[in-house]
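Next, two complexes with chain A in common: one pairs it with chain B, the other with chain C.
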Partner chain A sequence: MDTVVQTLVNALMQSSFVALMAVGLVLIFGVMRVINFAHGEFYMAGAYVVFWLYAQHDLPFFAAVVAAMIIVGIIGLIIEQLLFKPMRENPLGGLIMSIGVLFILQVLAAVTFGVGLMKHIPPLYPGATPLFGMDGVSVPWQRLVAFGIAVLLLIGFWLFLKRTRLGWALRACAQDREAAALQGMSINRLALIAMGLGAGLAGAAGAIMAPLVRVYPYIGGPVIVTAFIVIVVGGIGSLEGAVLAAVLYTFFHTFVATYLDGTIASILGLLLMLLVLIVRPAGLLGKGEKV
Partner chain B sequence: MAKKGFTRRQFTGTAAAAAGAVAASSFGAPYVARGAEKVVKLGFLGPLTGEVAGWALPGRNACLIWADQVNAAGGIKIGDDNYMVEIVSYDNEYLTDKSLIGAKKLVLEDEVKLVLMLGGTDAPAAVQFFTKQKMLSTTLLPSDLTPDTLYHLAPAEVHPLYNVTGVEWLAENRPELKTAAICAQDDELGWPSVATYLAAFEAAGIDVVYNKYFDIATTDFAPVVTAMLAENPDIVCLDTAYPDFVNLLCEQLFLQDYKGQIISCTLDFYGRIIEKTSTEFLEGLIFQFPDFDDPAMNEPHINFENPNEFFVNYNERFPDAWSAVTWEYPAIAEMWRLAAEKAGSVEPMDVFAALKEGGRGPHVFGDADWWGEELWGIDNALVGNWPVVQIQNGKATIVEYRNIIDWWNKHGELLKKHTAEQG
Partner chain C sequence: MRRSSRFWATSGGLAALLALLCALPFLVALYRLDILIFMLINVILAVSYRFLTLAGEYSLGHVVMMGVGAYGSALATKEAGFPVWVAAPLAAAFTGLIAFVLAFPLFRMKGFYFLIGSFAAGEAIRLSWNRFRDPFGGPGGISFIPSPEIPLPVLGTVDLSADPRAYYFLCLAVVIATIVIFYRLERSRFGLTLHAIHWKDVLAESVGVHIWWYKTFALVLASAFAGLAGALLGHYLGTVNPVQFNLHIMLFVLVWVIVGGTRTIAGPILGVAVLTIVDQGLRGLDEWRPLFYGAILILTVMFLPHGLESLPRRAAEWWQAIRSRRRPPVSEDEEPPESDRPPPRDA
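The block that comes next holds the complex of A and B.
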């Protein structure tokens, strides 16, 4: 029983940052129609900002997380303005550009911080607490903090999209770019905002996970694979679908990894994605495109 | 009438002052080989970057210290000549193809006389090339050895054979521990180590209740640890895992409130692990690699000059960078120096013959035998004593030296069986 509950806890904690990654990716794709392969590198950049500011320069952890969001958001804005914008009408060009950005950011991290052992980032809150007095089940404090920040950011992001004019504009653009443009919305401006927000969320995900994972230049690889699976299962373009799929996929993966094997979990995760594509090609909450 | 130019007295004074200044400036300065002096180059071919760098870069850095010490003492004496030492490094990123490129560069362009390697993934093609070139090379992983690797030696480490000493010590000193869970990384480092631990646990009468590999792409170790702890083991065995993995596994064991015994092949940068967990949590953990400031490193059977001083020097020059294997590469280089002086030559085959002479050699932890025919088909591994190391009050402490061949003579068949089962 304890093992089942501990696995539930592990999965819940993990799902929050996966959801944070996925909604940013969905937003960027929805507004810009760019499959951003460099999204994992935004996550990596966020983790390095926390390493640099918190672990190396003693900035408070929460300030470092905010700084990571802002810095990675700005990186996103620059990339959009310089690289993605000129490729606006060329989806393949945007995709190739994002792969280029992926390598550039990896090399920048490698040159700046080295490629040796993982960076040592001590947790702000070491240790764990038993879950509701269950001695066999523990909730690590640092993971709880990461979970809390991720949930707050997701709620804030959802409120922003649902309750603000800018949020409505972003959703409108994600639903139908041409119709949004005909309503007088600036697609370039919305793309800039989407990129800044999406990158900032990925940066935040990297920042909150930095004390819990291996921080090295290629950390984005496994993360982006998971994020892609999640947005395909959730329905490309659906923010609610991304969150739902993040939770379902992470629970599935964590339980299989615990009770069977991590490698089997990754293989079955991909098969799950294929199954969803066969049964519901638009994903769990996605809408099929009109032909 | 005023005299033009230098007087004899002025000349003598100036020359003496200049000579004094030059001599004074030489003290404490790193050695730079001058044109007329003979130089012998030693190659270092290993992963200086990437996730395995922790088992190569500290060793390369230690070799630089060793070379400086040798050169400061006048170099290597070969007949009437003194050879200054130069370390030439090549970062193979632990990739087979880059390793072969590096091997060719070191041998054909740099003309090195010995190549120090970590071994494992990056070794096969490079070692094949070395054998054809009759180049002497060394590994820390004797699983590289085959009957065909004639000049490839494992003179410092016999991974993972020495892991048996930790289990044997644990069984004798904590007989109440009856079950063990093993998690291992799924690669050529992990596989033979699992076979060794399985054999050692079986020999010690400890039941293995969990034994699974994890993918080396694993990012979240919580499920791995949850699965292990579900079996309520008395001992958690981390096998041979990359330093980052050992760090994260220990952290997860701490977070999931594990209070039992831990055993691991390595525990690199354990100060960082203590910072993430606690001194109490790591207390009693058994592993196999000592710090060289350990008092037990001063015992008379140790073949390493001033290990305590070396440890201090290393940590001054490369702070917070001592890893499990730091000492092994300079220890091999020092063995090579002694053999070269004995052979009166730096040529690889002459040094090789001197190293193997008499079937015994000066292993760091005591004189040992060239051994391995039974396991790898060739007696190219120097095997003898190995330390069992325990974390005591937050510090790595040698608790005992044990003889690997003694264990093999009693339980060798078990290891052969488990090695065959692991494929």
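The block that comes next holds the complex of A and C.
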């Protein structure tokens, strides 16, 4: 019983950061029709900012997280302005650009911080707390903090999209770019905002996970694969679907990894994605794609 | 039959190139032969990848197909005891079979969905190699793969992997065969139909082209050649492991093909050759190599959208423009100027 509850708790914690990654990816795809391969590298960059400011320069952890969001967001803005914007008319152009960015960011991280040494960042709140009065179930404080920040960010992002004019504009643009442009919205400005926000959220995900994992330049690889599975299962372009799929997929993955093993869990996850693509290409909550 | 001067120029150039390729192993140091052999294997990979993209779908599973060939041939020689000359073609055929099976789910998808679906299928295969120690050897892969041998009546058997020069010529022969086959195929009715599917799939279907069969055949054939390339790699190195076929390597293949250009078969070959030379310029800077790849990729897509192969034509245009001191003429394949207008939606 304890193991089941513990696994449930682990999965819930894990799903929060997966959701952060996925909603950013969905927003970027929705507004710009670009599949951002470099999204995992934004995550990596966020983790390194925390390492740099918090572990090396003793800034407060929360300040480092905010800094990670801002810095990675700015990286996103630069990439949109310089690389994605000229490729707006070319459906594969943005994707190819993001592959180039992926290589460049990985090398920059590797030469700045070194490849061989995995960075371990001391947690802000060491120790763990038992949950629900069960001895077998415990959660590290740091994980709880990460979970709290992730959920707050997700709620904030949600409110921004649903309650503000800018959020409406972003959603309108994701629904129908042409119609949004006809209403006088500037696609280029919205794309900048989407890219800044999406990159910022990925940076935040990396930042809050940094003390929980070992940080190295290729940390983004597995994360982007998970994010791709999640956005495909959730229906590309659907934010609600992405969050739902993040929770479902992480539960599935965590349980299989706990009771069988991690590689089997990944294989099954990929096959699940393939199955969704075959049976329901629009995903769980996605609407049929306009051709 | 009278041939045009262009024909003679082309065949003369090809003959010179072939002579250079035959002389090369005797001109470079032995350790550099490794690089040349990898380059030849990569040419097979890139040329077959381009053929697969003719119908318009970009796959992320091609390198895994190469791995299927490498693992297949390794197991066939090591476990089943086949000689390499039988095992490698068998492995290529097996890779084609796997591709055929994958075509059923994958060609229900198009565009981005195909891209990500092919990645999922390939990565699932790759992770199985990682997971199942028997027979794939887990993360360590398979070692001590037998090398191709030629039994000679007097001299005894000649071990090809022990002699890089001999292996180089084996690879060269396979490369030439690959290029000839794909070149002829593209010019045939089959290749022209693939082009038609690329540009107007619905129209092609409406005049009676069975799209699925054409795409599947292209995928199967390209994968079989990737498998052959994998077998060549495995028997040369004597070892295969899952890391050799991961997404990173696949992205490198994409870089070769896109930087070289995909309009003609010369593009991917040029891409592999030029980036191999760039690699040599970066010796000792291995850490930085992906950065240069990324930068070259971005610069190519921005300033030379049709790849290096279009460079002579573009250079001629620029030269003309400089000489006549006016704006460069818009070439026939130039994209229309960028605007804020959203793209027209296909019906």
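One rule holds for everything that comes next: the second predicted complex is superposed on the first by the 290 of 291 C-alpha atoms of A that agree within 3 Å, B and C clash if a C-alpha of one lies under 4 Å from a C-alpha of the other, contacts with A are read in each partner's own complex, and residues count from 1 in each chain.
Simple rule for what comes next: a residue touches a chain if its C-beta (ideal position, glycine included) is under 8 Å from a C-beta of that chain, and two chains touch if they have at least 3 such contacts.
In this text, all values refer to a predicted model and were calculated from it rather than measured experimentally.
Annotation for the three-chain superposition on chain A: chain B and chain C fit side by side.
In the superposition on chain A, A:214 makes contact with chain B only, not with chain C.
Contact with chain B, but none with chain C, is seen for A:223 once the two complexes are overlaid on the shared chain.
When both complexes are overlaid on chain A, the residue A:189 reaches neither chain B nor chain C.
By the touch criterion defined above, A:86 lies against chain C but remains apart from chain B after alignment on the C-alpha atoms of chain A. By the document's definition of touching, of the two partners only chain C reaches A:273; chain B does not.
Once the two complexes are laid over each other on the shared chain, residue contacts for A:263 go to chain B and to chain C alike.
In the superposition on chain A, contact of A:115 is made with both chain B and chain C. After overlaying the two complexes on the shared chain, residue contacts for A:99 are found with chain C alone; chain B is out of touch. With chain A as the corner point and C-alpha centres for all three chains, the angle toward chain B and chain C works out to 70 degrees, nearest 10. Minimum C-alpha separation, chain B to chain C, in the superposed model: 5 Å. Across the two superposed structures, the residue set of chain A contacted by chain B and also by chain C is 110, 115, 221, 261, 263, 266. Of all residues in chain C, only 58, 105, 108-109, 111-113, 115-117, 119-121, 123-124, 127-128, 130-131, 247-248, 251, 254-255, 258, 287-291, 293-295, 297-298, 301-302, 305, 335-336, 338, 340-343, 345-346 touch chain A in the complex they form.
Residues 35, 83, 86-93, 95-97, 99-104, 106-108, 110-111, 115, 177-178, 181, 186-188, 221, 225, 228-229, 232, 236, 261, 263-264, 266-267, 270-271, 273-274, 277-278, 281, 290-291 of chain A touch chain C in their complex.
Looking at the complex, you find that chain B touches chain A at residues 49-51, 53-54, 57, 186, 212-215, 217-220, 222-224, 226-227, 229-230, 243-244, 247-248, 254-257, 269, 272, 275-278.
Against chain B, the residues of chain A that register as touching in their complex are 2-3, 6-7, 10, 13-14, 110, 114-118, 120, 122-123, 126-128, 130, 135-136, 138, 140, 143, 213-214, 216, 219, 221-223, 254, 257-259, 261-263, 265-266.
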